[in-house]
Amino acid sequence: ADTVRLATTTSTYNSGLLDYLLPKFEEDHPYQIQVIPVGTGKALRLGRDGDVDLVLTHAPAAEKAFVDADYGVEPHGVMYNDFVIVGPSDDPAGLEGGEDATNAFATLADEGATFISRGDDSGTDKKEKHLWEEAGVTPDFKGFRAAGQGMGEVLKMASELQGYTLTDRGTWLAMKDKLDLEIMVEGDTALFNPYQVILVNPERYDGLNTQGARALAEWLISDEGQDLIDAFRLNDKALFHASAGEKIDPTSAVHESD
Amino acid sequence: MHELMNTAREALHLLISLDPALWEIIGVSFRVSLTAILVALPPALLIALLLARVAFPGRWFAISLVNTFMAVPTVVVGLVLFMLLSRSGPLGELRLLFTQRAMIIGQILLAMPVLTAMLHSTLQSIDQRAWETARQLGAGWWQSLWVLIREARFGVIAAVLAAFGRIIAEVGSAVMIGGNIEHFTRTITTAIALETLKGEFAQGLALGLVLLLLALVLNVLLGVMRGRGHQTVSV
Amino acid sequence: MLEVSQLAHGFDRQPALWEIPHLPWQGLSLVHLRGDNGSGKTTFLRLLAGLETPRQGSIRWTLGGTSVSPPCPGHVLYLHQQPYLFDTSVAGNLRYVARWNGWRGATARDRVAAMLERCGLAAHAQQRARSLSGGERMRLALARAWLLSPRVLLLDEPTASLDRQAIADVSTLISSLHETGCAVVLSAHQPSVLTERCDEYWCLEQRSLQVSVFKQGVAV
Amino acid sequence: MHELMNTAREALHLLISLDPALWEIIGVSFRVSLTAILVALPPALLIALLLARVAFPGRWFAISLVNTFMAVPTVVVGLVLFMLLSRSGPLGELRLLFTQRAMIIGQILLAMPVLTAMLHSTLQSIDQRAWETARQLGAGWWQSLWVLIREARFGVIAAVLAAFGRIIAEVGSAVMIGGNIEHFTRTITTAIALETLKGEFAQGLALGLVLLLLALVLNVLLGVMRGRGHQTVSV
Amino acid sequence: MLEVSQLAHGFDRQPALWEIPHLPWQGLSLVHLRGDNGSGKTTFLRLLAGLETPRQGSIRWTLGGTSVSPPCPGHVLYLHQQPYLFDTSVAGNLRYVARWNGWRGATARDRVAAMLERCGLAAHAQQRARSLSGGERMRLALARAWLLSPRVLLLDEPTASLDRQAIADVSTLISSLHETGCAVVLSAHQPSVLTERCDEYWCLEQRSLQVSVFKQGVAV
């Protein structure tokens, strides 16, 4: 078959990165990529069940478990971006300009500020839970709202309710014109967000297009793919940083003010 | 197959364990949808009666319009309400977004076309003599309407069940204007959507089964209420 | 009292069924309305009851001193050829009328029970109305109307598919009703004990209405 | 308000500009939903007839069951079908997941209960003499069924429109088993969901308006077809 | 030929309406079925047509040499008291029958046209069936049945709400039908020109069926 099915998180799809990359891949390769945009949890599930040929996700712990269980093979880091804490411009909890995400979270809990949580076990949600743990608080304070929805929805809710939330920078940049929010905290190494591409284990299912999947994965981490990722701009801002083969370097977290 | 079996078992377990978190979202679901049906029913009945019994220019177009509104996607209803209720929207001052009230409004909008279309076709089929007889015997307009409803009770119940089925099962508008906030606006369907998003299919299915079980209980109760009366006596 | 003037009616764009320049009626007698199939008997009765609006002309009822156009619910009642019985019990059909006219508690119960007795339906009180026989149905419809003590009753072929006994029963009922002061117009194709009791005779023919008045069986 | 106006303008522009990408997803939507209705109609008619005309033990329970199925959330249908069609599921060999065929199957499942329940209540209300007369005059079983449908045509059309409205507007199962793949399984509603996800409300609403416009055209056509015939002649 | 034995029928858990130990009938005559309201005339005719299943006993028709239980569609036809007319044109009602019986093209057209002519409905061919008058409705129902040349026609009060002219028309039609070899059983409460032509007389009373045979108006 010449179609390859890629399950990926909505962040890569909605930011327009894949619409930018994939046509360039399809030009030089005899494959047609069908993108299935879902959450990280579901993307890994689709991979486990053999319903797609490869996944592109950002949840290091879950991805490790995925590979350890032999559901997936040949994991490669492709790129990274980072998370930011955003909030209303009047900043009732006084976070603005902070650099320490853990501290910021502790403050939010102390102040009982409105905070919209993804609450959907996504990569972002896992990161958020980790931060609460680091800050030493159980997130059950007065303003805490677990929304159980995608990043875009949660940003909209935060804007509507004038609350804080943790978001990946891609979605933030894509949506910030439509939001009444501002960045409060960014640049902390704890806010780092790496993406991996993983092939679905061909030994588990017949008829997977592993060849095509591998071609795509290898192209993504090739020089050509990596250059294109670095060149991608959304609203004139670089969103993703190619990182194939790199040992992830926390200090390279971007600042929007760059 | 094995997974489906497990899921069924898990659903039953969830139900009988009386998990409070589960009952909370069941409560929200039923409260919102039942309220919406109750609010939507009277105007839907009036419009249906108007369409069925009163000849006015453009009536058939009005009927087509009602039928068209049945095809409004739930997300579109969600979207429009969202834009209206948003802080930057014309009704933002009401601060209704992400509340159960907003969800009720959304479900009313969704239930109305289904209710109206089905009630119209039911009232339409009721013998014209029923209305005439009631009016002549001194029934007021409202009383005659009530008699008509009683005479058409099977159809009315069918309409209510269809509309209820539609809104208790819908997720597009509930998630959009309710926000799926835990303890506040999380319903069975938004919870199912969340579990699915997480890839926790079994959990999602289990919730679905819970919803079906409850809907079955409701339907059987109504079925018992309306009696077996299914034989139409032919003249 | 009924006052009809320049009445004409028809359906769609068809010519008028008939034209009735003038029909004054004291509204006391028992009238037999005749006419061939399709002559417009049903239509005429429905017009008198206000269930149709005349294409042309006017109809006025003078009831208790005031002159009104139909409909006059509770006063001028039309019974369909197949009276519509509500889908509930026999007694339930009467209770509807009681409720609509604001009678409560014991009053309502007593009147309903008395009427069931008078019309010989007491034994069927709890039966489903739709399972009654032809004669019983008509008796129930009459009972339901009688509850309201109407001034005028318009009956569309009340005896069409009744047996001799049922016709006799219904005739007795209609006579009693008439004696309580209720005027009756009834259409019927076939002569029967009921039509023999009539003291007026209206006939729809040649696109108009012919009226003859009888006294003790003799044309006046 | 201003935003809503802009959106309407954009929708019209989208439609008249004959944007090929737009027409592609409209094509997918209508192809899938119309096919599903056409496939679901015959069995739904048979079941409805059975429920309306044949007395069998447990009939009222069967009716309640059909009504219950109207409350099945679209995501649950999506989920079950997903688990069945997934490569690790029992029907994985068919390789149907993420194809239009799978979406059609999902929509058939969604349309069946609505169709059956509404057709049941319609056929139920048709005079029993119609069936008896047809049978006596030599009509076969199928021909009698056809006559019954003709006699009940207003109700049948209403049922079809309601079911069509439900499935063309649904997104839960379409996105789950279709996968919302561009050029293949992207429908109007999944596209709306996607635009909404991106925060492109205007675009989403525009698509919604397009859907409504097309549904209106369909309804008006059907309305003209069935004629004005609204007066029930009373005996 | 009809052969009824030990027939009994009733509704729900009520006692049987009547018991008919034996009824042999040549199936050639014109029969007038009588009985009070509720005596079970309709029920009896429906049983003969196979529209109800008897609670007890058996009914056999011998048609063209073979003996069958009802229903015998096309051969033994029951007409409801208010015949059901399909919601289409007058001609459309007849065309349905043509289609169901597999006649095509010119055959179907000719037979339908001839029948419309014979029943005096040619002028109404395109009219909506439901807008016909009472007499015309009955004529259409008879025409529809006649198309099939049935062996036996069971008519439930065919003349109940018809005027004298319509009764005469319908009677003429029924007589012609009878002369073509179709046996007719008709129920009627009121005597009319039609019942006078009958040569057999069945009466449902005292929970049984009494049969009398007349020849030229004289009981045999």
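Remarks
We just call them A, B, C, D and E in the order they show up, numbering each chain from 1.
In this text, a residue touches a chain if its C-beta (ideal position, glycine included) is under 8 Å from a C-beta of that chain, and two chains touch if they have at least 3 such contacts.
Treat the numbers as computed from the prediction; the structure is a model and nothing was measured.
Chain centres here are C-alpha means, and the one lying farthest from chain B is E. Distance from the centre of chain D peaks at C, each centre being the average of the chain's Cα atoms. Ranked by C-beta contact pairs, the top pair of chains is B-D.
Remark: chain B and chain D have CA centroids separated by 17 Å (rounded to whole angstrom). Here the spacing of chain C and chain E, counted between their Cα centres, is 32 Å. Taking the mean of the C-alpha atoms as each chain's centre, chain B and chain E sit 49 Å apart.
Touching of two or more other chains is recorded for residues 80-82 of chain E.
Shared contact sites, meaning residues of chain A that touch two or more other chains, fall at 150, 153. Touching two or more other chains at once are residues 127, 129, 176, 196, 201, 234-235 of chain B. Of all residues in chain B, those touching chain A in their complex are 86-88, 97-98, 175-176, 179-182, 184, 186, 190-191, 194, 196-201. Considering their complex, residues 5, 10, 14, 34-37, 48-51, 150, 152-153, 155-156, 174-175, 178, 205, 207 of chain A touch chain D. On the chain D side of its complex with chain E, the touching residues are 127, 129-130, 132-140, 143, 147, 150-151, 233, 235.
Listing the residues of chain D that touch chain B in their complex gives 1, 3-4, 52, 55, 59-61, 63-65, 67-76, 78-80, 82-83, 89-90, 113-114, 117-118, 120-122, 124-125, 127-129, 154-155, 158, 161-162, 164-166, 168-172, 176, 188-189, 192-193, 196, 201, 204-205, 208, 211-212, 215-216, 219-220, 222-223, 228, 230, 232, 234-235.
On the side of chain C, the complex with chain E involves touching residues 35-38, 81, 133-136, 157, 160-166, 189-190, 192.
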